[in-house]
Amino acid sequence: MKVFTITTSKRTQFIPLDSYIEQFIQETGRKNGIVCVYVPHTTAGITINENADPDVLYDIEKTLDTLIPWNGNYKHAEGNSPAHVKASLMGSSVQIIIQNGKLVLGTWQSVFFCEFDGPRTRKFYVEVIPTQ
Amino acid sequence: MKVFTITTSKRTQFIPLDSYIEQFIQETGRKNGIVCVYVPHTTAGITINENADPDVLYDIEKTLDTLIPWNGNYKHAEGNSPAHVKASLMGSSVQIIIQNGKLVLGTWQSVFFCEFDGPRTRKFYVEVIPTQ
Amino acid sequence: MKVFTITTSKRTQFIPLDSYIEQFIQETGRKNGIVCVYVPHTTAGITINENADPDVLYDIEKTLDTLIPWNGNYKHAEGNSPAHVKASLMGSSVQIIIQNGKLVLGTWQSVFFCEFDGPRTRKFYVEVIPTQ
């Protein structure tokens, strides 16, 4: 397992992780398997979506903000309950198949760290499970 | 890893994948492990839900359409941002335990490919990770 | 794989599973790998979120109820369609990395069984995939 650290600069931010993940896969020397990318936070998540037109990420951010408004009627005193809800909606990990030492992502796909309560220093974990 | 191709016929459509997945598990000869089913698209997802009463899938589709209306105020020029949001909400992969060469799904569960921007030709990937 | 049984006491309830999962990991004797925790139901899910302030779980429950009201206009005659939608939004499994025989959860994280149509007797499955 490897721990990566990233720094976010906005309350909500989607940061592509593909290059970090591929670097780790190369370090392991594994050619085939599954990689698990895990976010150990409760106000950040992880998702796979389009990395071509940045308007896609903008629309995802705005849609989540419309559904789960920051200034709603929440009980949690810290004031960041919307970030907790969004974290559970996106999920804490993604699994991607590795073939010949490469992630088999779709043409338009990238893995994104989803910051929902930044800016902060954040971590994510990467582990490879071999299939043979 | 095996690549499967399916064709969808509507904008939103849930297609059961259990028989494809079980076919692949049999081909691998693996008796115990985890199967990972992965969707390499950004306007389609994958989920596990009820395959008995089709009204359940109808209600899931309609609820998502109510929350994330197709004709909303989106920036992405291609016009399919709701499909991108729904893809991230459902997720890009499912993991299911294999015992004695069979998926250990619950009584009412099936795995569904979630088309959110069809009709299209789509792919999904299946890989088995052995536990022993 | 091990099957655990739990009993829920309310329609919506988040039950921490960490101690069950860690017990199973110890039984396997595995030191490194990935654990898969799987919910075989279609009106219950699983998520990872904060286990410090119970108001966080309260806010997640209420936000989901606001987005997907129990008394909406649903077609499924059993009347529990909101529970099916919430199950797909949370997901059917989580994957967590194991190091030195321990779950590497974040400081504030716990794994929660998400009951959305209780009270009921429920099951969840736990399986460990070794990385070496």
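Which chain is which? They are A, B and C, in the order written, and residues in each are numbered from 1.
Just so it is clear, a contact is a pair of C-beta atoms (placed from the backbone, for glycine too) under 8 Å apart; a residue touches a chain by one contact, two chains touch by 3 or more.
Predicted model only: the values in this text are computed from it and were never measured.
Chemist: Over half shared or under half: which fits the residue numbers at the contact of copies subunit A and subunit C, same or different?
Modeler: Answer different: the two copies use largely distinct residue numbers here.
Chemist: Which angle of rotation, from 0 to 180°, maps the CA atoms of subunit A onto the equivalent atoms of subunit B, to the nearest 5?
Modeler: The superposition gives an angle of 120 degrees.
Chemist: Using the average of all C-alpha atoms in each chain as its centre, how far is it in Å between subunit A and subunit C?
Modeler: Their C-alpha centroids are separated by 20 Å.
Chemist: Hunt down the residues of subunit B that sit against at least two other chains at once, touch-wise.
Modeler: Where subunit B meets two or more other chains at a single residue, that happens at 67, 89, 91, 95, 129.
Chemist: Mind pulling up the subunit C residues that touch subunit B in the complex?
Modeler: 1, 36, 38-42, 67-68, 72, 74-78, 81-82, 84-85, 87-89, 91-93, 95, 123, 125, 127-130
Chemist: Within their complex, state which residues of subunit B touch subunit C.
Modeler: 32-34, 47-50, 53, 55-56, 58-60, 62-64, 67, 89-91, 94-97, 99, 104-109, 129, 131
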